[in-house]
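Two complexes follow with chain A in common, the first pairing it with chain B and the second with chain C.
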Partner chain A sequence: MAATGVSTNQSVALKRTLNFGLQLLGALLIIVLVPIAFGMQWRNFEPLLDGITLRFLLFGVVATVVVSLVAIILSLPLATGLALGRLSPIAAVRWPSIAIVEVVRSLPLLLVIFYVNLRFPLIDKLENLKLGNPDSFFGIELDRLLSRGALAVAIALTVYTAAVNAELLRSGINSLDRGQTEAARSLGLTYWQTMRLVILPQAFQRILAPLIAQFTILVKDTSLGSIIGFVELQRRAVILYQRDFNPMEALFVVALIYFAVNYLLGLTSKLVERKRPSVHVTVPEF
Partner chain B sequence: MEVTDNMAAVEPLKHTLGEPIIAMEHVVKRFGKLVALSDVSLEVRKGEVLMIVGPSGSGKSTLLRCINHLEVPDGGKVIIDGIDLTAGRTNINKVREEVGMVFQGFELFPNLTVIENVCLAQRVVRKRSKAEAQGIAMDLLKKVGIPEKANNHPAQLSGGQQQRVAIARALAMQPKIMLFDEPTSALDPEMIKEVLDVMLDLAREGMTMVVVSHEMGFARAASNRVIFMDHGSIVEMNEPNELFNNPQHERTKLFLSKILSH
Partner chain C sequence: MFDLSADYWSLIGQGVLITLWLTLVSWVVALLMGILLGVLRQAPVGILRAVAAGYTEFFRNIPLLTVLFFIYFGVPNTGIRINAINSAIIGLSLYTAAYVGEVVRAGLGTVSKGNIEASRSLGLSFLQSMRYVQMPQAVRAAIPPLGTLLIALLKNTSLASQVTVADLFFQADFVGNRTFNPDILLIAGAIYVALTLPLGATVNLAEKRWAIQR
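For the complex of A and B:
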């Protein structure tokens, strides 16, 4: 028994190493083969490598990541509220929740972004905040981060993602045994204590993978902000290739950056899952 | 009469019963058109162990669940320890703190360890300090015989162990009444006894218990009265030996002949 145990552990470790190696190889192949296949040229990459341009791109990453994080963090409580609202026995709470979720989910995100950008109570007040020193590089970047476009994208993505995740969370809650709620309530816990301490932790654990998937969609969708003047990563690629006439190369670099950001985001889901292993099922390693 | 007897060697208990602590008066519960409870009246006294038997769908679980308001009766009164649950503005959570419940499916919280399961309600409902809650939890885990599993997750325990943790979790609130909804039905035969032993200890200590179960051995060893239910009504109520050996109603005879004939 012990011998087979050790050998399985070794083979699991071997498989993991092999798996990682294959992924790395795949990534390298893409980085080398795609530029060749699309006829990109090295001299067109060169203008992207200069210091000021790299800094410009780096702050594009910062803008994209900050707006994404804000939307992710704000969407979580909103999604929870909408999911619980939709499950509420009180009609005056349930129907507005259903209405918000269904309407927002069925609209194109771009339309929501346009709409928020045109008129949203807070946006007009925050528009010309101009906190940053316009003469310094950081001042300019700060104002770009606090621009109307950035705010509109953050708000639209918050609402949109909350509506989508509300349904995800609702299915997670519904997948739990009703006995869990009954057990908690029979111990004297209130509705809110039951949700906070017993139901929601389990529901979030169950939907973790699709939840993170929705967040990677959110990160990608920040690029829609480029249309309304939010100078994020995608917009910066466009600005750069209009300067250097190298759209293939500029977009390829930005594509790699998006991939890297979302790959890291995907890793966090694996980390959280490994930290809190599912106690119901042990998934065999293949 | 042949009995599936997990408690054969145990002497029947003689309780001194106290004041009535559960009173149900003309309780009615419907699920749509189905009448789950029709005009059920019942009194349970302090320290009494009441067993409820009956075919599936007879309303025995519904009756039990009306006691801690997991089911809201459509009519009649449920009075627990002097508090009328059916009188509108009652704080149901206050009553639930005094009524422990054990479920067929254990319903331990899988995201928490065993000791966290036992501590949770103590901390948030009883507002005990962490040290105090853990002390009480460990005492109870010792009492149910599995202190070594304190830091395991429920999924790492056998069914019998999980059910004993569930009992410890309910007891940690120091309830006045314990409700058991088919506590051994989901267990393998060899685990039933370990759960019944814990329940028997509780009965000996004078805990008021209402038990939905077909464990006839436990009924004989620990219960003061047995109720036979059918179609949402109490058909017959008697001391366990009387009811099992000398049933008065045809439906009771038929039911007992089915469950005791193996």
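For the complex of A and C:
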């Protein structure tokens, strides 16, 4: 019995490695085939490779990741509130929570971003906020991170992700055994104590892997900020190809950067998943 | 708050039609491509599996906006001319197909190994086994996730507005700018909600109707 157990483990590991290798090989193949298929030229890649341009792109990644990180962290308390609201026995709490989650999830993100950008209270006060030193590189980058566009994207993504994460957390809570709540309540814990000390810590552990996967979606979604003037990675591609007249090459390079960042995040999510198997997620990862 | 002239309402109406058209055509193309990708993931030839897996990984990890920009602003540099609406359809299909492929693959994963082995040992070829044994089961298992993808596609068509396609979002933004009233976006929002929520309900019905009884 022990021998078969070991060999099954080995074959599973081998299969996993093979699949992983296949995926990576395929991705590399696509990365090589696309430039050939579209007849991209090396001289169009060259202007993207000097130090200043690469630094410009690198800080695009930083801006993208920082805003995504802010959004996902701020969304968690909101998501917890919405998830608990949706599971609440009180109808006056439950129905508004359901309505908020369902409506926000069925709006296009672009619309949310535009509306926040135009109508969020006090957001137009940010227009003239200049904190960084305009003569230094980091000062300019700091101002880009504190710009109105960046704030609008961060707020919109927070609201949007809160609705998605609320569903995620709800499935996490639902996946826990009912006995957990019952035991906690019979030990004399109040509802809030039960949630805070027993249910939520376990639920969050179970949704950790899908939460990281959600983060990759956020990284992709920040690209919508380019439309309202947030200078993140996608916007920088546009700026660069308007300088060098190489839209295909600039967008391809930026796509590769997005791919690299998200692929690494995806691997992290898979590693976490292997350590702590998560709930089966029914929330769309799109 | 929303006393718009009839011309503006007709623009928004045209936008709805374009949005629905984009969704419909992209969905059909994405579905066909996705099924192909899902089948290729099981193909007996390693290189096909690799290409399908690579395609899926690549498109799932880059933003849709980059894809749309690449096709609308980039590809014409090769001499190929595509108009705005077609390039949006191509971009949306390429992007959505990767997700559909993943769903189809997961659906094929639910088919028991015994079924596949039985069909193969009865003399069906790989394609015949796909067509008559695996696909019918996989598609039914894939209905709920396909429904969420369709809804996501409907929402994603709003990005086509950024490559000059006059869809619902584009028109709402245009009317909002013309009338100095950003709240017009709320009308568009209400229309999107009114389109997606019934779609979700329909998917739930379809799931109940065609679910495999186990």
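By definition in this document, the second predicted complex is superposed on the first by the 228 of 286 C-alpha atoms of A that agree within 3 Å, B and C clash if a C-alpha of one lies under 4 Å from a C-alpha of the other, contacts with A are read in each partner's own complex, and residues count from 1 in each chain.
Convention: contacts are C-beta pairs under 8 Å (C-beta built on N, C-alpha and C of every residue); 3 or more make two chains touch, one makes a residue touch a chain.
All figures in this text were calculated on a predicted structure; none of them were measured in a lab.
Visitor: Residues of chain A touched by chain B versus by chain C: which partner has the larger set?
Guide: Of chain B and chain C, more residues of chain A lie in contact with C.
Visitor: Touching A:110, do we find chain B (first), chain C (second), both, or neither?
Guide: second
Visitor: For A:197, select first, second, both or neither according to whether it touches chain B, chain C, the two together, or no partner.
Guide: first
Visitor: Between chain B (first) and chain C (second), which, if any, makes contact with A:186: first, second, both or neither?
Guide: first
Visitor: Help me check something: in the complex, which residues belonging to chain A touch chain C?
Guide: Residues of chain A touching chain C: 19, 22-23, 25-31, 38-39, 102-103, 106-111, 114-115, 118-119, 216, 220-221, 223-224, 226-227, 234, 237-238, 241, 247-248, 251-252, 254-255, 258-259, 262-263, 266, 282, 284, 286.
Visitor: Okay, in this complex, where on chain B does chain A touch?
Guide: Result: residues 68, 70, 93-94, 96-97, 99-101, 103, 105, 107-111, 120-121, 124-125, 153-156, 166, 169-170, 173, 179 of chain B touch chain A.
Visitor: Using the touch definition from the top, list the residues of chain A that touch chain B in their complex.
Guide: 177, 179-180, 182-190, 193, 197-198, 201-202, 205, 276, 279-280
Visitor: Using the touch definition from the top, list the residues of chain C that touch chain A in their complex.
Guide: 46, 49-55, 57-58, 60-67, 69-70, 73-75, 77-78, 99, 144-145, 148-149, 151-152, 155-159, 161-162, 169, 172-173, 182-183, 185-186, 188-189, 192-193, 196-197, 200
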